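Next come two complexes built around subunit A: one with subunit B, the other with subunit C.
Right, the complex of A and B next:
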């Protein structure tokens, strides 16, 4: 945990020289108690994601270790009453072998069935966080779901930020013809309501983690493009960029070696904001069945299952998915706020 | 004004062309083969070839694009692949349900968020303000789905205050019996982001010089907020409403899917699931047109609300 603390979100460690933008920001961030706590929670979640990805925890989330819908431990085992509801029939068995066309083969089948050993493993009556309708551990599912949901959110945000930053820097730096073409693409993408754009992309791509990342990344870059473009327009006429031009720096070098580091705080904050919104979007897409495939679990698929379980009074899967998601998203939002305040003191106090 | 309108309408053409190209090539090159979707699982190669011929899929790309453009201009999208209902009839028959739910949602959320945000802005910086901000952050982090699932379970299933779901052909029955629960849940969920947003609009205005002048001449804080700040903040609020306006035609699709309301949002969702391309393409393009027109109307409305605005 301490290793993560020392190097928050890829901020370079302070150098011995005078305070740079990043070390000053890191100092401001450390002074923000809420932000630091939020960062710790986010870091803990990321460790959990890594652990789940490496197979250390929640590896066997698909194994059915409890009885179906086993309640959480503190509630005690469910009453068994309804299972014995059908009375066993009494009276002698009637011999049907004369009319039963399958009768001659029963013996053969019984022998073949005997060749397979079925081990009936003991199923727990209760689990710490309960079980779903197949008897799978809800805690393991929530952790595995966190892995998928966070992974999708972060990858999609990285993709959207990459597209938005590259297009925005070209549009802002060159302007003119290039800028016009990029503005046109931006207008096209923003004139379609985002949910329809997502649906249109979802209709043509299949299901699965990769598709969700692609859909969200390809439809979600417009806001970042707009901001980065404005920053590049502002910076491209500044003196340090003109000086770089005077000593013969190429356009690419001016864009990505000189200007980009100076606007990277804007990009980082946008990245962070988009992670939250994409996680929410993934949950909704998966709930609708347009997201991750059926053999995977995300917070969205858990909520979809929980909906029918709730009617039967099995609330624990809903609670687990909700709590996991709420804690992570709240912590991530608060961390984003702190990050924005630390990186851009001018914005402090604004929404 | 007329010159401005003509220029703006003229500028819409390239954007619209872009939308058409995007939708056309998205479905043409990334979607599955329409002939195979239409043919079904047991189609013979001959059947598939016949369907291709009928849809013009064997023609050169530019000719197919021209067919596509003609469909858009003549509003003739043919029939839905899944239900054989004509696409225009499909929209016309689904729109009322969407509007029955969405118009009350939009009205209520704006009318409730304004006083809430004003109240929070009035006590800005206090403990109440900060607690409300933290509370809204937490409220926002819970998925919309959870509110709807729990809300339906508690209010309809457990307490029986509302029907769990349902819809009829009668507008009034829908409005007073089936719409209230979806509307209530959607408004409750949207209230915290709206309040946060409107609060920042008000706080932006409170920092302006005219507020200081109003204070200097001895107006009460209440009068400043209600008379001066509210009026000036109407511009960003209107913009925000305008941004959300195109959304009422698709509806809150999640609400419609969840409560089985036969609106456009649910129809589009079903179309995505069935690979019903004509429906998705049509709704995407027309919604883009509606969005552009609403944006133009918003800009014109600024002029009416604020005479200082110069349309250029």
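Right, the complex of A and C next:
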């Protein structure tokens, strides 16, 4: 039955230059409306990250342009707090120089101060998305935070996928001693609770974007290793790989020229799944104070700040970071789903 | 009439939305497929892959994919099946009409025991309780001839052989006493000997249960043994139908005649097998006039094998391992331009022998001993570093043409790779010229160059695999069941091609197969293997005319002979 249903038409395929595996996948992807929308959202975020990196937007995220904790514009300015909290003493007026030993120097200081301009620029009472406790624009922070978070997520995922794929292909293809050693390493890594492992690495490497990428990459490769290893074990005994061996192709050629393109859908899907999970992991690390350094901002540090602000009723920083992260992560996950459907060769012909 | 199919047309909706087109699968234009199945009789649908025979059968119970559109009329005992609701159809499936599919390994669920799977339809359709159903299951397994049925009831599918699994599938199919059994290529995935047993079983059950059978096959030889009526299909239409005697003794359609002629027989083989196109073009006489090029009995020996042994390690206990002897003391000589056939059932060690010669087994898998003399060197002693030049001269074609080509390589890349590895040809242009010439030599046109394997049929892919081997100018070619997965008509084309190439290039073949008729056509000398041992070795004519071993006689008896007035028929 399968032989017939593979080509249910029964007509010979036309002799035109036909779709390659990739263009067929692209065609399937285009047919998936949710996937295309998700792809557009992800692309928009990536543009935003590039723009932020190039300094086009959110360059001045550190400048304190609003009053501290300025609320979002649609809420209106916060009511002025009562100024006369301390009651004026009722006694007679006294010459302060009698009690103040510094009084003779005030004049000199005032002259020196007059040489500098200290005019404080006007701080806005409200900002579109509100301000944090220093009066920094939350929107600019969220955009700048996107840059760090997405950069960390993507590079850590690339690193983890690279390690997992290389080790997995060696373990699955060679088996035997090589496989045993790699399995042993894998078991050591997975037997330690992941958050403890991350802390241990963080304690050694310190804070900073580079070390967060390193930590997540070095601890996150295990799942990819396992999947790639299984795929390589399956494919290394397939007849097309045997045929390649029979014509004299080397082990490296069989592994990376023959098998890898055939398991690339697994690798790609794992890559995008890990981007999402590493963005979340970076948030947790920064929230716990093990993430990026204090003069940088990421979605995680915003959430960490939001914790203390929330008690005072200043919810906007939390909202901005959450909305940005939720939109990006959801779009990325949906894109991944669509990507997997489009790339899985087993689904071919089911359209 | 039990089943009446009238002007059935099936089309598949391809693409989405307004761009969808309806591609016809069964029926062309307004002419559809019509045939009837009377009570207590076997009707066979015969045709090549893509002829629409399976789609026709699957549309009876609407087991087609969602995108199928059926038109025409199908009535079963007066009920209109095309208009029956999904619930109505479901209650009929298994109860009135049951199916047996081609591949028993994928048709059985691996996580349930055989017993659980047989019991399920009994409880659903027959309303039995668990105890009754189990007893009935035991009786059924007994009836389909499964040895030791009591123990097999609690076995998982992987513990059974392919033939036993197919018996279980048949037991499930007849468990609810269906009136019609649809058998879709039930023996294609099996060895010839097992095929014979399953055919005998089906014929017996059909008679004892008084049911009708719709038997689908690509092989007229098989059909002739079991069917009462034959419907020959090609490209979605019926070419000819009639009683089996008429089809075999007086075929009216050129295509039917071609199908009959293209199967190799055990009788004295022709120099070339008939292929469909020859028949349609009326070139029978031209073919018959060709004589086989005589083989030179004094040709030099290219490969000399002495006492070849190969074992695999089996785990036993916690740390222990013990050897399993897959091949024991195999010896033979292979002469230039000659073909050595290796015949046996699955598990007889024939494939292991072929791969051991090419050292395609992993060294860690188990030890190998003996002597394989090729060009003055013992291949088993050649160190791995010096093995590369020998790779070029010994090549292999595998059984499954769907698996042996890398799906992500274009045909051009596939053909160029071996030459690049071995540095054959002065530059890329010279290599490409050679590869394109070989592509033309195996009968594929130049447009194939940039295509991917999934766009080709099984026969075409096997030709590409052969062309890939030929790019290296090998001296010995191991053909590991190279035509077993192909339709009979395609098989004939590939066999002809192999024979022509041998005449032209003086290749020596080691032809591994379970089908003696195919070996008869191509081989000069035959090794019969059983349980890793060569039980009989002889020239092909001597072996066939005068088999010494009981095992050889059994293999010979299993070859389907088609319909003959003289031979006793299975349906008798």
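Everything below uses one rule, namely that the second predicted complex is superposed on the first by the 291 of 351 C-alpha atoms of A that agree within 3 Å, B and C clash if a C-alpha of one lies under 4 Å from a C-alpha of the other, contacts with A are read in each partner's own complex, and residues count from 1 in each chain.
The rule is simple: a residue touches a chain if its C-beta (ideal position, glycine included) is under 8 Å from a C-beta of that chain, and two chains touch if they have at least 3 such contacts.
Predicted model, so just to flag it, every value in this text is computed and none were measured.
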| task | Once the structures are superposed on A, label A:277 by its partner contacts, choosing first (subunit B), second (subunit C), both or neither. | result | neither
| said: With both complexes overlaid on chain A, does A:287 touch subunit B (first), subunit C (second), both or neither? | reply: first
| request: Considering only the touch criterion stated at the top, classify A:242 as touching first (subunit B), second (subunit C), both, or neither. | output: second
| query | Just subunit B (first), just subunit C (second), both, or neither: which does A:73 touch? | reply | neither
| query | Can A:23 be said to touch subunit B (first), subunit C (second), both, or neither? | reply | neither
| request: Look at A:296 in the shared chain and tell me whether it touches subunit B only, subunit C only, both, or neither; answer first, second, both or neither. | output: neither
| note | Residues on subunit A touched by both subunit B and subunit C 350-351
| request: Within their complex, state which residues of subunit A touch subunit C. | output: 1-5, 7-11, 13, 15-18, 20-21, 31, 175-176, 238-240, 242-250, 253, 258, 261-262, 345, 348, 350-351
| Parts of subunit A lying in touch with subunit B, wherever the complex brings them together | 184-185, 187-189, 191-193, 195-197, 199-205, 276, 280, 283-284, 287-290, 299-300, 303, 306-307, 310-311, 318, 321-322, 325-326, 328-330, 333-334, 350-351
| query | Which of the residues in subunit B end up touching subunit A in this complex? | reply | 14-16, 18-19, 22-23, 26-27, 30-32, 137-138, 140-146, 149-150, 153, 157, 196-197, 199-200, 203, 246-247, 250, 253-254, 257, 268-269, 271-273, 275, 277, 280-281, 283-284, 287-288, 291-292
| query | If you look only at subunit C, which of its residues touch subunit A in the complex? | reply | 12, 14-16, 23-25, 49-55, 58, 65, 68, 101-103, 184-185, 235-236, 358, 360, 364, 388, 391-392, 395-396, 398-400, 403-410, 417-418, 421-422, 445, 447, 450-452, 454-455, 457-458, 465, 468-469, 472
